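For reference, chains read A, B, C and D in written order, and residue numbers begin at 1 within each chain.
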Amino acid sequence: MKAKIIVMPRAEVLDPQGEAVRQGLASLGYDGVRHVRVGRYVELELDSTEDMTASATVQRMCEQLLANEVIEDFEFSVES
Amino acid sequence: MKAKIIVMPRAEVLDPQGEAVRQGLASLGYDGVRHVRVGRYVELELDSTEDMTASATVQRMCEQLLANEVIEDFEFSVES
Amino acid sequence: MNVAVVTFPGSNCDDDCHYVCRSVFGATTIQVWHKEKSLPSGVDVVILPGGFSYGDYLRTGALARFSPIMEDVVRFAGRGGTVLGICNGFQILCEAGLLPGALIRNQSLRFICESVPVRVETTESQLTSALEKGRVLHIPIAHMDGNYFAKEDTVRGLEDSDQVLLRYCTSEGEVSDASNPNGSCANIAGIMNSGRNVFGMMPHPERASETPLSSIDGRELLAGLLGGSL
Amino acid sequence: MSDYQSSQFTSEIIEEHGLSPDEWVRAVEICGREPNLVELGIFSVMWSEHCSYKSSKVHLKRLPTEGPRVLLGPGENAGVVDIGDGLAVCFKMESHNHPSFIEPHQGAATGVGGIMRDIFTMGARPIASLNSLRFGPIDHPRTRHLLTGVVSGIGGYGNCMGVPTVGGEVQFHEKYAGNILVNAFNLGLVPANRIFLGQATGVGNPVIYVGSKTGRDGIHGATMASESFDDEALEKRPTVQVGDPFTEKRLLEACLELFERNLVLGIQDMGAAGLTCSTFEMAGRAGTGINLHLDAIPLRESGMTAYEILLSESQERMLLVCSPEQVESVRAVFEKWDLDCAVCGTVTNTGRVVVTHHGEQVVDLPASPLADNAPMYDRPYAPPEDLEVRRTLDESSCHSDDLLADLYALLSSPNLSSRRFIYRQYDHMVRLGTRVGPGGDAALIRIPGTDKAVGMTVDCNSRWCWLDPRQGAALAVAEGVRNLACVGAEPVGATDCLNFGNPERPEIMWEFAEAITGMAEACAALDAPITGGNVSLYNETDGVSILPTPTVAVVGLREGLSDESPNPSSAFRSNDSVVAVVGKVAGGTLGGSEFVLHKTGRTAGIPPSCDLSAEKVTSDVVRELVQGGLVESAHDVSDGGLLVALAECTGAHHGHHLGADIAWTGDETPTQAFFGEAGARIVVSFPADGYGAVQALAEKYGATLTLIGTVGGDRLIVSYNGHSITADLDEMYSRWDQGLANAVGVNQ
């Protein structure tokens, strides 16, 4: 069972890294890039359980450790 | 037009972050987690062009800047 | 001796490099802003200093390698010119493809600042020609991403052609896991290119060049490059 | 409450802006009419405790602020002290307690960023940082997360800035479990004749905004629903600010370039209360006015209201004034560094701040009454009811049955073990100035091109302050001066960060007033004038106040250094050298000590008092001994008492362990003699043939000097009245070195 988790800086929070990448792309000539946000991507391999429980588990993992909800949002999918 | 890019450490590269997350999860009692890899997730907003060109552009962005192919693999999707 | 020190936005050891080249080695130093398109004429050595170019955002060195000056640095290196990258400078050289491999996050995921022993692995380089092989130098490191990675065959290639400059070791010169501060492949702390004119190292020799500071071992490496009399 | 008598606002709105009924009346008076909502927001932040010091000002006035070297005392962004050779140092300390509790990494990072802006806004280049931290017990469920986050935040920001973090202090105590403390100190170097002030001078001059764009960060004030705030807008306000050290580094270099080329007339960082505070203060200080156009402000988000733009606390921004001819040069400098730069206003002679947004006038207020004549309170104070209980300790219940085991336990305890786990994460060597870094009694940073070095240290034993705030605060200053003496530096000034609970409680106000008294006495007696500082009140959670924590950073000067001068050290250096104590060996007390905390888990008893004349003499002697190269080591005896200090002397340097054989006699119990704590004691060591010179110097100052042993061997043997312990050096060192890392649960 595999979980794929995306953790992103919340929309209203400053994302200096995204801004630096945008400027970097612009200086490489990609000036059509309007907005960049940089987050984390986490892939977990879980001992297989039922999908429902897995979802609930991953949700808790995100809340407890993988995302910092003060400044980050997360979303995830679970597949077997 | 939006591009979503996942950049992951290559399989043969040590992933200290992934390993730390695995240990962190284990110490929280999630010991069913066998394997963790941590990568980057980049979201770009592009001035809309045709899908084909956009794909080619994002591919180049990844090769040039967003991923370092010595240590990282990438994949992406483009949506309008 | 004319030394050009490149300042990227976020460089923070550029002043230190100027200062040591000038006041310890009597070199003439030239400040080069990263937006310049070419190095000044008459430059003998180019130093890419430590720091956090572009805030280390995305990957260390990833954005700096596209700074306008880098094209001429690549040309300069291609002509056989001497280039030294220290810490962030090493990271930039790897990203720019002037040196093989990459520097990833320290195994501990923590920044490490301390003086560490490193062993001289070759005397076939400008930096180390006056030293003995196996000599242990104490030089500070200060980095978050100093974990050297290269594919196995790349590392073997470096070893086979004697391109490894320095390895992390114990004070007695023993290279072991216990003496590896950051997880680097084969304890590698510094390397050079196959042309033996481009050097990269995580330790900061400029921080170990004057008696009142942690040690003067770094001076011996720089002396090889800058030719100053000690 | 009808006494608000407002026609536009409900009393809730005014209250939520933190204005009392009296303050509302005063605001109406100042305006000559009722303030509008934007103006109410401005009163709210300008008159907040944080910006106005309304509860503390009456007491702060009692601190000595003048000295022969002080160029600029409290009032500007940071104090400035002359160090000769045309140079001055500029330093200050600030708290970032609350944000660090919510998000430790970002909270601490932005705290460091904020204090650095305070320093470079004066024209100085930051050259060194310190920090003082307080957490709950190490085994408290949140402590590990908070500690590792705060440390990575301090390191992350400071390292990227290229400013070495050269020292600090960390303590753990249950009273901080719900309210941690993060105090950040920075010191910069500035030509003495080129100090820049936060003043909007020169009518007609442009006002320029530089740095990051403005977002909806840190807007407190109105949480109420009103026509201008729909819920959606409120949701868009982040609760935490993210630091961007990369932008700040560029901002620093750009500003230094302006200073170098004299392109600035006045400059001020945007800290708490952002654009509002800088505008009012700059106009207020210069006696001028400012017309400000919000449409020119670079924004990160669309749809921001005037209220939000004015009160945003987005980081990495500055406001400056230059002459009209200089604008293009200023702009070019910021362009070079790829930073935003926008002319957003003009200096006027009206004495008023007038703000327009979308063609409408949204603010028209007099500058100086808001900035300088904020309300001031002399809040009632009285000793806490439980003071006697706090100060009661049955000493017979806490004596040591096994001196060696207790020594080992103390050495590995979170409060006394080595801080290497922390300071290894800080770049403490960048800028090539660090002669003595973290791990020393005080940091010593050389000043290029001179024979000088600046010493700095931050201290506060908050347990003592809880048991006796006056003596505790005095001892904090004295410890700083003593630490400086150990590196041969003479105090030239000090800054403080006064962390206390809720000032509306009389017992907290009493702690505050007493602490000020103690600090004032000690600063005067030890020649360490206070040149600025910070007050952080309301540090309480669920009715539990923190221990009173008046953190003091003392800055000192050492002259006559050459490259060959040895760096001062706390560690024994050579076999057969003599070990001695400067100051009284006896007289340590167990009240409030680490030992009692370790034995009983309690903070109780009567703590040591501060003997200022003994402190002065001890520090004077040791300073001169160190300067003259007459001693090989000097180490202050602080938390943990004499035995812990001796243990530190044997192993304070990696890979350089030297034992000692120590013996003395006295009238105290062995527990007291070994673990009792007191001020005015410093352990020194020197070659036996140097004894005459050391003795002569002690006599000159009338200081007590007691020989207690000899350096040598691979064990520490200490014997008092025949009670003796023998400690293994490797054992001690590894416990001490790994104590904190082990407690945090990491390998290093």
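The rule we apply is simple: a residue touches a chain if its C-beta (ideal position, glycine included) is under 8 Å from a C-beta of that chain, and two chains touch if they have at least 3 such contacts.
Owing to the predicted nature of the structure, the values given are computational and were not obtained by experimental measurement.
Enquirer: Which of the two pairs, C-D or B-C, is linked by more C-beta contacts?
Expert: Ranking C-D and B-C by C-beta contacts puts C-D first.
Enquirer: Suppose each chain is reduced to the average of its Cα coordinates; what separation in Å results between chain C and chain D?
Expert: Each chain's C-alpha centroid was found; their separation is 35 Å.
Enquirer: With centres defined as the mean C-alpha position, give me the chain B-chain C separation in Å.
Expert: It comes to 29 Å between the two C-alpha centres.
Enquirer: In angstrom, rounded to a whole number, how far apart do the mean CA points of chain A and chain C lie?
Expert: 34
Enquirer: Taking the mean of the C-alpha atoms as each chain's centre, how many Å separate chain B from chain D?
Expert: Roughly 41 Å separates the two chain centres.
Enquirer: Considering chain B alone, which of its residues make contact with at least two other chains?
Expert: Only 40, 65-66 qualify.
Enquirer: Counting only residues that touch at least 2 other chains, which ones in chain C make the list?
Expert: 54-55, 57-58, 62-63, 66, 108
Enquirer: Would you pick out the residues of chain D that each touch at least 2 other chains?
Expert: Where chain D meets two or more other chains at a single residue, that happens at 244, 246-247, 338.
Enquirer: Any two chains that touch count here, so list every such pair.
Expert: Listed by label, chains in contact pair as A-B, A-C, A-D, B-C, C-D.
Enquirer: Quick check: in the complex, which residue numbers of chain A touch chain B?
Expert: Residue list for chain A touching chain B: 6-8, 21, 24-25, 28, 30, 32-47, 49, 57, 61, 64-66.
Enquirer: Touching residues of chain A toward chain D in the complex: what are they?
Expert: Residues in contact with chain D: 9-16, 20, 23, 68, 70-71.
Enquirer: What residues on chain A touch chain C, complex-wise?
Expert: Of all residues in chain A, those touching chain C are 16-17, 20-21, 24, 27-28, 38.
Enquirer: Give the list of chain D residues in touch with chain A in this complex.
Expert: 102-103, 106, 212, 215-217, 236-242, 244, 246-247, 300-301, 314-315, 338
Enquirer: Within the complex, which stretch of chain C touches chain D?
Expert: Going by the criterion above, the answer is residues 9-10, 12-13, 15-16, 19-20, 33, 35, 50-52, 54-57, 108, 110-114, 140, 142, 144, 171, 204, 206-207, 210-214.
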